[in-house]
């Protein structure tokens, strides 16, 4: 009985939020947790820097990257339905063109839409003069 | 009175099998006559994949073995490669490795205790546990950009140095954690119902435990004070002051208490690591640790060559993971891919003893004893 | 004197070769004498069987036993070399109960038969699975499917038509 | 920064600058919309041409999207994040989804969270078949979506949509809890727009 | 005024319409129709009250759990998630109703109703307030205990008819538990009856009116603390909540005896469970915590204050049950039965003996 009463006291402390036991919920669609800058989310490819060498492709542990033609140049196409977000493609990119953004809102209705082609991945860096 | 035996299939989808384990129970009323375990519902062929990928590519797969505590998995695999190829590791990198591994030990024990209590019907503990786990995961995310599958420890060092503001946040976490563990203890430790459920359940003697190959807290709950961090100190553990926690009773309550004690010890270790961490580089400059010419991305301070060929040979390395002794056996034939990767997973070996422990007990006891084994199915089935 | 040399001294006939597995003393044992050597090792204080590994080299199969002594803090590696086509070796379940599942796993994935094992069945893959995946000649192309049979047990077939969804 | 003869700027994408998906509701109308009522009504009107004829549809759709009870079936790594979603920091209970039913008979939604191995596949299928209509499936993580990291493995099914129909795919390995919540919001959007047939499981 | 029927007639009389209505029925000699209509209205109000209470209780349960666990609970649907139970109800109506192929179909369909009806019937002799009682049975307490003892039958039927091992085990457990805890429950209640000399709930409540020394209310909890404790534990066991929720025990038996139920039939069990929770709390309040007794406030009709007092006390007990649920783990079935037969029943008998002795000796 004393043990249970001890437990009841702790839980009551939480109900009344006594002594630094606040509600911690982050109400997602309205507010967000602060994301770490190193977070590995959706990829982004620097349009100018990428040379389409395919090193990311060969180093990808489960070959979820393909090099495809986009316009006149070759760019990676990432199947994020398959990607394991290990960050190797970023590590190995010789041109430092591959990035990982903090975008994690990727849920979709079809499997095909999880293949992110260059049109969705490419970004253009603002050149500072 | 003649009664029929009842055959019950618990799992693979069952709320308290921690995933996809299946118990085949032969019951006499509520008493377990025979308990047979059926594994393999999460067998993903990691060992075969290890033979098909390069050394570097295998590393992310180790995260997914024991997904609650991935750092020790990472570390053990990397340590095997380092021993095989003779790579020197800078001191600061070792400090960071121990730091993350001990942090992960706390996380693992929180989840373990939480899910044990949830199986017993008290959902509050796991909620509180995950509240603190989330804080720890934020630290992990700051450090390596992922919450569970880190891919952080690399041969020759770690992927990146500690980010700015990590140590103050860690100190904050440690302080908070102290108060929270006291809360847990107050909630659970002396709860009479909990004691009734745990005391004298799933007893295994020290001799049997060693013979069954139990390791980790499960072994130390039987009064065997063996901890690989003490027996074969690796990394910087020989410099740290800590003790291996053990309890003599050998029942479920002892195993639970060992985990609580280990959380306190881990906090103690973390404080020492934070206080004595040297300022230095985090990646080795030895033969295999040098960054190649093509360029290093600006945010990534460490590098491991894409084409890595260790000398031919065999190595078996083991460490004290939170769940027990984790071992990696790697056979190399001198090519870019491992010839054979064998994982000695603590969960798999600890589970061996379960069916003997629960004979003659009841289903609720099976769940209590199983909860204190602390297994993860990804680690059992690989 | 390391553990492997000690073992060689005790059983000069059984141990054919001693060496090092990286930093652990290793003794290669004749496969007929494995049980004796293991019992001797247990006498020498090696009370923990850490792991059993089976490795398929194209011409032979090796089984590696990693032992550890909690008392003396020594390591010992026992190795037996088996025939590639019909690998068979004595089971150590009488000495270490922990060997039970480790041997079943090795049987399951590498296909080594442990004579004297009380229940040598597949453990990770369902009964009836074709081939041993960690063999180098395992056929990765043929897909095998599992369906639920009587009493919740698995039935393996190469035909997945009643499982897969018609698209 | 000069590296290997090429000029590479040290640009990092600031991940902290992403805006919240929705702004916090303040007025009564916004709060009502937040429960999904208004857009459900509008969607039904668009579909049926009249609000009146689809009243039942709207009410049921609204009720369904507001109370999705998941079945407790964790498979692998993602299951731990599933627990994370249910726990204090993310609190799936805000959407009325904290009632994880262990029995599939009482569940509406299945999270396929983790690697579906060949051995587990018939069980997952059976679990799905045991759920009463209307039911939804969210495939979470790379393993369930396509086989993911274990795509090359001999014992892993290459995507759970090979055996059961999937409504929403959430990529990530494992996806963080916010990504789960985003996936759940996507599913709520989908349920809003379902016609009469779909609500009774006739379309599948 | 002794019950709600008369209360309604009184209200109608006060409004001056009763005679008018009565005149409408009188000529044709159909006064019983009027009586019937009033009774039906009464029961409809009770039913509506129970439904609303159950919905509120599920919401409250989820919110209390959330508060203990540092989170918010239902937020999105309705203000603070208040509409959540309504949504759950509507959704469950629209679910497919599965009857397992090998189940005993008739019994399987019958069982949920058998569970729900007793849960409603318990409310009949429950005094919600001064004269707010459907029927003041002279055997009220006995009736309540007898009716709650009907629930195991439904559980057993459900567990058996589902043709599933888990449901059967859950049902067996539930029955064993209910039987062994009805005895201490009744024994603890009898001590109170020894004071009042009546089984009527109204008499029990009115025996608790007034105070000692002007401060301490004359509640039976102060005369019978042991009886109260026994009754509390036994009633939580009757409710089947953690730490005694063996009929459900999610982590062992999936969902206990209603594993196979889906849709509306499952909702029936849900309703019955929470109706039972409220009813048992109400009985506890009636017997030990002074029922609707409380300080009389001038200017407000006693009917209203008494109702408020009753609800306040009942919700306090309900909160305690929820609070306890979030704190302690589940017991084991044999431990529970051991405690029931070896500790609770002897203690209850001893309590009965001592009380009887003291009453005969004239001490109390």
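Letters are used for the chains, namely A, B, C, D and E, taken in the order the chains are written, and counting of residues starts over at 1 for each.
The criterion applied here is as follows: a residue touches a chain if its C-beta (ideal position, glycine included) is under 8 Å from a C-beta of that chain, and two chains touch if they have at least 3 such contacts.
Owing to the predicted nature of the structure, the values given are computational and were not obtained by experimental measurement.
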Those chains which touch chain E and also touch chain A: B, D
C-D against B-D, pair bridged by the larger set of C-beta contacts: B-D
Distance-maximising chain from chain B - centres being C-alpha averages: E
Most distant chain from chain A by Cα centroid: E
Gap in Å, rounded to a whole number, between the CA centres of chain D and chain B: 30
Euclidean distance of C-alpha centroids - chain B vs chain C, Å: 24
Chain D and chain E: spacing of chain centres that average the CA atoms, whole Å: 38
Per-residue overlap in chain A, given as positions that touch at least 2 other chains: 4, 7, 10-11, 23-25, 27, 33, 35-37, 39, 61, 84-85, 94-96
Shared interface positions of chain D, touching two or more other chains: 3-4, 6, 8, 10, 12, 87-89, 91, 94, 102, 119, 123, 149-150, 152, 154-155, 161, 173, 176
Residues of chain C whose C-beta touches two or more other chains: 125-126, 133, 138
Each pair of chains that touches, named by its two labels: A-B, A-D, A-E, B-C, B-D, B-E, C-D, D-E
Chain C partner contacts - residues on chain D that touch it in the complex: 118-119, 121-123, 125-126, 154-155, 161-165
Interface residues, chain E side, partner chain A - complex: 64, 67-72, 75, 323-324, 326-328
Contact set on chain C toward chain B in their complex: 21-24, 47-51, 53, 55-56, 64, 66, 70, 73, 77, 96-102, 105, 109, 122-126, 133-134, 138, 151-152
Chain A-facing residues of chain D, complex: 3-4, 6, 8-16, 18, 20-25, 88-91, 94, 142, 145-152, 159, 161, 166-173, 175-179, 181-183, 185-186, 190
Chain D - residues contacting chain B, complex: 1, 3-4, 6, 8, 10, 12, 72-77, 79-81, 83-84, 87-89, 102, 114-115, 117, 119-120, 123, 127, 149-150, 152-156, 173-174, 176
